[in-house]
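Chain nomenclature is as follows: A, B, C and D, assigned in order of appearance, with residue numbering initiated at 1 for each chain independently.
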Amino acid sequence: MEDAKKLKRLVKSVWVFNWFNSCGFTEILPVVGSRWDMERFGMIPVASPRHADCLIIAGYQTEKSIRRAQRIYRQMPKPAVVIGLGSCSMSGGMYWDSYNTIKRLSDYIPVDLYIPGCPPRPEAILKGIMSIFREVEDHA
Amino acid sequence: MIMKVLLAMVVPVAGILIGLLYKGIDRILAARMQGRVGPPLVQPLRDVRKLLVKENIVPDDAVGWLFSSMPFVALVSVMAILLYLPLGITPVLEGYGDLILVLYLLIIPSLALVLGGFASSSPYASVGGQREMVKMMSYEFPLAIAVISVAWLLYSSGAENVFSLSVISGTHVWGLAGIPGLAGLAVIFLCMLFVIPGELGRIPFDVSEADSEIAGGIFAEYSGRNLALFYLADAVKAVAIASLAVALFLPYTVSGIFGLGGAAAPAADFLFHLLKVFFVLFVSSTVVRVVTGRLAISRVVSVYWKYPVILSFLGLLLIMGGTLI
Amino acid sequence: MMEHAPALVIAFPLFAAFASHLIGRLGSRIRDIWVFASLLLTWLFAVFLNLEVMQRGTYAYTLGADISSLASPAGFPVRIVLVIDGMSALIAFMAVSVTLASFIYSRRFMERVSGGGESADRYCSLVLLFLAGMLGMGLTGDFFTLFVFLEMTSISSASLVAFFRKGSSFEAAFKYMIISAINALFLLFGIGMIYSQYGLLNMAAIANEMVLNFSFLDKVALSLIVSAILLKLGSVPVHMWKVDVYQKVPSSVAVMCITSSLVGIYVLSRILFSVFFSMSALTGWMIVCLGSLSIIVGVSMALPQKDLKRMIAYASIAEIGYVMLGIGTGLAGMSSTFGTVALSGGVFHIINDALDLGLMFLIAGAVFYATGKTGISKLGGIAHRSASLSVLFIIGMLAVSGIPPFNGFVSKLIMYESVFCLNPVLSVIGILGSILMLSVFVKVFASVFLGSPYKGKFREIPLSMTAVMWIFALLIILLGLFPGLALDGLVSPAVEALLGHGIYMGVII
Amino acid sequence: MISTGMGSWSPLVFLICVAFISVVVQIIRSLGEGGFRKEEDKAEAFFSGGRLLIKNRVMDVYWGFFDAMGRYYGWMKRMHNGIVNDYVYWFVLLVTVVIGVVILL
């Protein structure tokens, strides 16, 4: 079964594994909460990368924490999606000149989607995820 | 005879679909109670289809043959239970198994879960496995008392072949032993409802799959189709345990009231049975799941061995008293 | 020659025990062949006994009478009378087959553990002595030979406990000696009281006398004998010695110790069913209460144990509790239908228990043979090294805790549904006991077999040991799938034999 | 097929149904993806991103049960202290109880 058909099924029930260091968690909570409710789209937070389809990496990553993030990405069963949340994952954010922060996440992990914002509002997160859905629909 | 063989083929598969249906309704109602919109009704089916597509990772240190066979054993044993249970109509394997067999068959899925968890060599899974075993030990005591006291009620009121499920689901249990019997049975029904979330691992008792504490617990290492089989086993187990509770405590059929004859009567009874199963599942697992938080494992043991055991013993004594008068 | 089978079944292992020391001088291989041949011959005798009982029903065999089938010589019966009925033939058959299996298992096991040579001779003669004692207890018809053979089993098993000549096994053997001394003492008191009153030693003759005048002294004698046998059994208040003994005894002998406690249960049921049957309601309830206590204490104490064999020993106490539950209800409800069903459940559980826990001890022995350790915390991940051991353990675990397709479930089902009529709480204790038993063995399976691969030295388990274990496993599966085979063939004649105390007395008088 | 007075149990029918159901489950199982593409440390046990240093030892099993049943196990430990004299005292207690029950009742 080639990748496009697999992604079509994956999109219908995305299980999210959160890898947060700082502000990301405060923003994912309302998305899981009653107001924005990501479960409408079949998305539930899961605890182990073995169950996960989508790895959300939020906040700045240091030298040590990126190695663990890479290992977790490798431990996820493919096909999987990686979302970089917030400007820290895009360009290091406010820690752009710090000695130990990772500047570009995609140098270490193949990132499918960046959601800008410091931190991104829940609407921005949902809009980003919708764009993944639309992109998968168009390809299939 | 052909009808029985046909039913024996259809009932397990129907059990899976009904189980997924209940899981979907359960998630929607839980969401609505929390003011959320909740997933579409077919979301569990979508989850299973997605899991089937994913890679099926077997860890290095795991005992491979045990790790992959346990999901298979769990689903097969749970589907086998449905054949012995009276789903509104007389059980498919009517003369070939009884109440104690169903009680023991309910142990196999959780045992397969525990062995699968231990076989996966992950520290989270072994902690989850131990917790699941302790939980099994604790909820089996009130469950055994509830089952035996219903059988005792039937036995002392003169029915014979008491442990066969068709006899149990045939007699109207509530009026048999006068007022004390009624009170005792109500207490025992309460304990049975209290056991169901423990048996299914729903929120107040999901110590073995606790996401926040032990990262997915027993399922930490399972992915892809193995996880799909466990997901289905959990769905079917909800139907099995709820229809056992319905068979014991709510054995009323609707075909008599509407006076339906021929083929319509079993169909109506089956649908009414599904309604009763939904009611039992809603009261015992969905509402409780939304309202309470997770218990610590030592609390689970004392919660199950203190109150329900005393209550159900009291119920048993009331029933004994009721039948003597 | 075959009509002297009852006497030969006991005499032959006795003779073989002492001869094996002499033959041991010629060479260990010849001694092994000799012991194996004698065990096989005894096994054939036992099978013949069963066939004979099926044809002739209960029959007596008087040792030393001029006509061997003379049942009631003039005056009171002085000679030793062996009474063979359904139950005693079954117990004799079980004892011999378990000893045969454990001897095949122990040939390679003792080689690695005790270094062969002189101590192997001692091991063989002690095992044969132990077997002779068990057979004697199984077949006797009178009290005093019962006492003599009880002494023989205690002494031979005590020296087997001290076989490894290590500090802790001496301590266990010392405890066992004290316990069996007290056991024999109280048994002798009881027998003495009865003998002083009736001047008889033959069980059936005493039962016949007792029907007329059942005095106060008989009640005291009954309680002394019953408590002595309960001590030998290891029911709850007096079960602690069993745990120390089973931990120190070599695993192949532990299988025989389980069978010796089952022979003890046979003796208990023989006395309560065929001799003191007038008190059956009272003693039945007592046995049921002690049995359910044994289940609860045995299983709950097995959970926290750290040593593999200690844990299985506590599990065997719980299994004895189950059998006592079945037999006690058979006694209490002697006249009713559920009594006979409970008794057949109890007797069938004797066979299952001997097989299941025997397999468990053999696996513990195999693990000890392979790794040299029995402590749970030091072992781990053996499933990676030998898959067959873990499959065997899973079969044994499911069978002991009574999970449906295996034999444990059948006997437990029969017992729950008949014990239930006596009192529903007993069935609840039974169900709870089997779920706790399952968690005991899941704990053993998880900590010994699963987890990351075992790093230490793992010797390959020889074919003879695996073959014996697989025979046990196949028997378990066979009994699980075709329970009717054992129920009609072995169990129902035994149940009729126990319940029919009239026939039992008629054979002698 | 055995039937006690109260219920019945037939292992062969159970096995036939289990065999049939396992065919159905095997069909469901075969719909799914079987293997997985090996990567550097993909198949190692998940330990929140870290490496599993102490190999998985199953220590202190059933802690919850013993903690909840603390008083019972304390009493049990005192009872099973391994001293022969106490075994004999228990036996004497058993004899008195049995004599009492047999004679009084």
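Keep in mind that, in the parts below, a contact is a pair of C-beta atoms (placed from the backbone, for glycine too) under 8 Å apart; a residue touches a chain by one contact, two chains touch by 3 or more.
Because the structure is predicted, anything quoted here is derived from the model rather than measured.
**Student:** Could you tell me which pair, B-D or A-D, is linked by more C-beta pairs in contact?
**Tutor:** Between the two chain pairs, B-D has more contacting C-beta pairs.
**Student:** Just the number, please: Cα centre separation of subunit A and subunit D in whole Å.
**Tutor:** That gives a centre separation of 41 Å.
**Student:** For subunit B versus subunit D, what separation do you get between their C-alpha means, in angstrom?
**Tutor:** About 20 Å, centre to centre.
**Student:** On a C-alpha centroid basis, what's the spacing between subunit C and subunit D, in Å?
**Tutor:** 24
**Student:** How many angstrom lie between the centres of subunit A and subunit B, each centre taken as the mean Cα position?
**Tutor:** So the centroids are 36 Å from each other.
**Student:** Would you give the residues of subunit B that are in contact with at least 2 other chains, written as numbers and ranges?
**Tutor:** 53-57, 61, 98, 100-101, 118, 121, 124, 126, 130, 133-134, 137, 151, 155, 163, 215, 220-221, 224
**Student:** Give the residues of subunit A that touch two or more other chains, as numbers and ranges in rising order.
**Tutor:** Subunit A, residues with two or more chain partners: 48, 50, 75, 77-78.
**Student:** At which residue positions does subunit D touch at least two other chains?
**Tutor:** In subunit D, residues 1, 5-7, 9, 14, 18, 36-37, 42, 44, 46, 48, 55-56, 58, 61-62, 65, 69 touch at least two other chains, as defined above.
**Student:** Tell me, which pairs of chains are in touch?
**Tutor:** A-B, A-D, B-C, B-D, C-D
**Student:** Can you list the residues on subunit B that touch subunit C in the complex?
**Tutor:** My answer: residues 61, 63, 65-66, 98, 100-101, 103-105, 107-108, 111, 114-115, 118-119, 121, 126, 129-130, 133-134, 136-137, 140-141, 144-145, 148-149, 151-152, 155, 163, 316.
**Student:** Where on subunit C is subunit D touching in the complex?
**Tutor:** It comes out as residues 174-175, 178-179, 182, 186, 216, 219-220, 222-224, 226-227, 230-231, 237-238, 240-241, 243-244, 279, 282-283, 286, 297, 300-301, 303-304, 337-338, 341, 345, 377, 380-381, 404-405, 409-410, 413-414, 417-418, 420, 439, 443, 446-447, 450-452, 480-484, 487.
**Student:** Under the definition above, what is the set of subunit A residues touching subunit B in their complex?
**Tutor:** It comes out as residues 1, 6, 9-10, 12-13, 15, 33-34, 37, 39-42, 45-48, 50-51, 53, 75, 77-79.
**Student:** Hey, which residues of subunit C end up touching subunit B in the complex?
**Tutor:** These residues of subunit C touch subunit B: 381, 383-384, 387, 390, 394, 402-404, 409, 412-413, 416-417, 420-421, 424-425, 427-428, 431-432, 434-436, 438-439, 442-443, 445-446, 449-453.
**Student:** What part of subunit B is in contact with subunit A in the complex they form?
**Tutor:** Residue list for subunit B touching subunit A: 27, 31, 34-40, 43, 46-47, 49-50, 53-57, 124, 211-212, 215-216, 219-224, 227.
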